């Protein structure tokens, strides 16, 4: 098992390196000179050239790539062209918004999905099942940015329960920060919860068909205990896989949601970086996101292997 | 316990409604976040919108009506030959870090701005300076290469503010100026916070604290304003929603003018035939653009000049909406199968206006390919590369008709007669003579149909109705908070 | 689940036929802007009213359907054309470096936050429907590769396939003649899923301005344009939003129904 995991880790590392090359090369092809953008319409040619030299935009590609990579390994993610501060600082400022948002969305979607999936599987074919299947179908079909718009309209503008967006910073206290993330988390969680509920229901139904379940029932175990103690644990495996996959969609979906709620997170940082041609920010932050996704993939594989003894033999 | 709970709920509810923005602090919404906070090191208007008159001051200053008033210089005089300007500085001015402001700082600032390697975006403002000297701590003598009647005006620009050598290196992130507010913090991507500076030389502002919140999405801006997350949005990006604020007594809509001439720029190097340009100008229906893109806010213009300026000439008749004449002109010029490329930067006057104009051009037989682009690409492709046929942009610098004297400017208009006119204007000081020259200039660029002159951008701002003192017009892009206060009461 | 198949097929058919009709005929020309006629409520001449530029909403929705379906369909096509052969090859050469390489390539593409890459692609190559197709299509390739490989692997252990190998038939031919037809059902179901995901992706890209450009209509861009007017003219945002929901819903229902009808075993494949 260790060997298999080690091989997996190696292949993920290779993926990380390949990703860095792809990102770097793509960004070199982006039109628009960061220096010209920063100085604006009326800047002179000399000023632009001076700024380009200052930002380190000149020089051969390979050298700049290696400088970037070696910097990242040492914790130096470069210096933002527009803000003139270390990218690492920007990332740490933003990640305290994005990470909790992602976690809240994941927790919310799981908390909603598990009981919903359980009920649907337990009352299979009944009215509740049909209702849940219909509801989740709707949940998957709704674009999360549209849902976000509606949430803001209802809860922020009409009811004024929460602010329309923005993030007061964790210094303002735990509760104000969490409150600012509630609507965005709900908007992100809805489609995820719908998918998770459906997967859980499907996995539960498959598991419940198995022989050992019938044995447990025959032994006298109540229906609820059967589901919770036996079926659920085994049904969690495909759920875990989906969760791992969903993480990267979550990060991606967060970009649009962060814009709608003007949250100062990693997603909006990338968007602003692309708009402002702050390539070093885009490069480094994308790498951070890719690394997060790869890490989560690896952890899911780990959990998968631990959870399913059948996989350990390989 | 329940008592505490009830109090906390009440407290949070209060916070939610924004009422906690006490009577002496304000939250101002801005669409674009400045890339840094040094107005002398970059051209983004957003930098001035945060710092001008609040953090930094120059020798002179723009008042809300565009007049040039004393700033750090309490008075100035110019020699007979127009070459020597003497500025009399105020005594007792200190920077936010406690160091004194004196003539040495002025010399430093001006020399830094006009240096070879300066990254000041408006180097042209300082180009005519031959020498800057400081005979004593409160006097600065500036010698010019040639007389420049506009010099005091130039020194009022945000790029000409005075900085200190002790703090200049970190001004981008920790601005240190002489203004009535000092910098507190910058939460990147979110907000900049300022606080009243107790050592200010002049009258203390009514506000003790000001936060600029950056909200780029027009819809988020609307929601934030409605929910009370911001108290004022001086340049509100969603004119289509202004009717909601007008109808609501909690808010006041502040409509004024800007120095922004919004034009359909035509690449004169591609569209060389004046008949084609004239045809395009007649194909355009300005009122439809103002209504459709700006929801009625904006004043039509017939040349590159602000209508609120006393020297303005109304030449809109020469390019009135006349599709039949447009078609006739195109036929006469033999340009019946035109396909033009239109590049549109992000603002909604460009994106929406562009769609409307494309439809109007289609009606006279000109096909248009629209490309929406971000500012960075627009700057590279259109502004520097001049690779376009049509584009829409608003020129917000005051009194910038002289851009038509630059043959290499992005729309590439090269008229020796106009260039000569501008040269004459540069050395003319007499007001009546200047008026005559400016009017001739306006007529010339209108007759040549250099660009499609659309409308003067309105400054549409929304604010809590209790806020007073916000600038109605934008003679320069700034949010001068020195005169802003909250009216007492509900 | 026959019911879902029928409902889903009907819903999808409505939009697909609207899109097809729009190629030949639209009630109004959407390139003609009529500012004086803007924001009219529903009437006999404009069944769903007009938008902020005076364009007929029915025409806009039909043209938007055309864009969404075209983009999502071609993106699925890209995924199938490039992904299926890759997946089949990986299964055929299971365990070799080819299999490893293809699976690692898959992992690599999966690791990327897809929206960020889509934004980068459109920033580099320009915002357009074609680039949106590319950006979405690229992320379809590993999905179909994985599905094809997953479906092909168990088939390779079957006796008659082994017999064919022993008889000297090449792996490519076996894949094409024997494996492919048997995984067709899997691919159809996955295709429907990716189609619906493509509709959502195109809406998201157009919403942030990176998809089809004006005057081409797009549901996502209609949503973005309507957003600031949602308080006074909510129908401008509700209509395209509902269109997206119904289209995706229809496709998902159809996909579910197809999956149940074509092969109940597929449910156990974790779909």
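The chains carry the letters A, B and C, assigned in the order they are written, with residues numbered from 1 in each.
Simple rule for what comes next: contacts are C-beta pairs under 8 Å (C-beta built on N, C-alpha and C of every residue); 3 or more make two chains touch, one makes a residue touch a chain.
Model, not experiment: these values are computed from the prediction.
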item: Selected interface, A-B versus B-C, where C-beta contact pairs are more numerous; value: A-B
item: Taking each chain's C-alpha mean as its centre, the one farthest from subunit A; value: B
item: For subunit A paired with subunit C, centre-to-centre distance based on mean C-alpha positions, whole Å; value: 22
item: Length of the line joining the C-alpha centres of subunit B and subunit C, rounded to whole Å; value: 44
item: Geometric centre distance via CA averages, subunit B-subunit A, whole Å; value: 39
item: Contacts with two or more other chains, residues of subunit A listed in rising order; value: 31, 149, 157, 259, 274
item: Multi-partner residues of subunit B (each touching 2 or more other chains); value: 219, 374, 377
item: Shared interface positions of subunit C, touching two or more other chains; value: 123, 227, 230-231
item: Of all residues in subunit C, those that touch subunit B in their complex; value: 31-33, 35-36, 38, 52-53, 123, 126-127, 209, 213-215, 227-232
item: Contact set on subunit B toward subunit A in their complex; value: 12, 15-18, 33, 35-36, 42-44, 116-124, 172-173, 187-190, 213-217, 219-220, 223-224, 226-229, 374-377, 379-381, 383-384, 397
item: Residues of subunit A defined as touching subunit B within the complex; value: 31-34, 36-44, 46-47, 50-51, 54, 82-85, 90, 93-94, 149, 152, 156-157, 160-167, 169, 175-176, 179, 259-262, 264, 268-269, 272, 274-277
item: Sites on subunit C touched by subunit A in the complex; value: 100, 103-104, 107-108, 110-116, 119-121, 123-124, 196, 200, 203-204, 207-208, 220, 223, 227, 230-231, 237, 241, 244-246, 248-249, 252-253, 267-268, 270-271
item: Touching residues on subunit B, where the partner in the complex is subunit C; value: 218-219, 222, 238, 240-241, 243-244, 288, 291-292, 352, 354-356, 358-360, 362-363, 370-374, 377
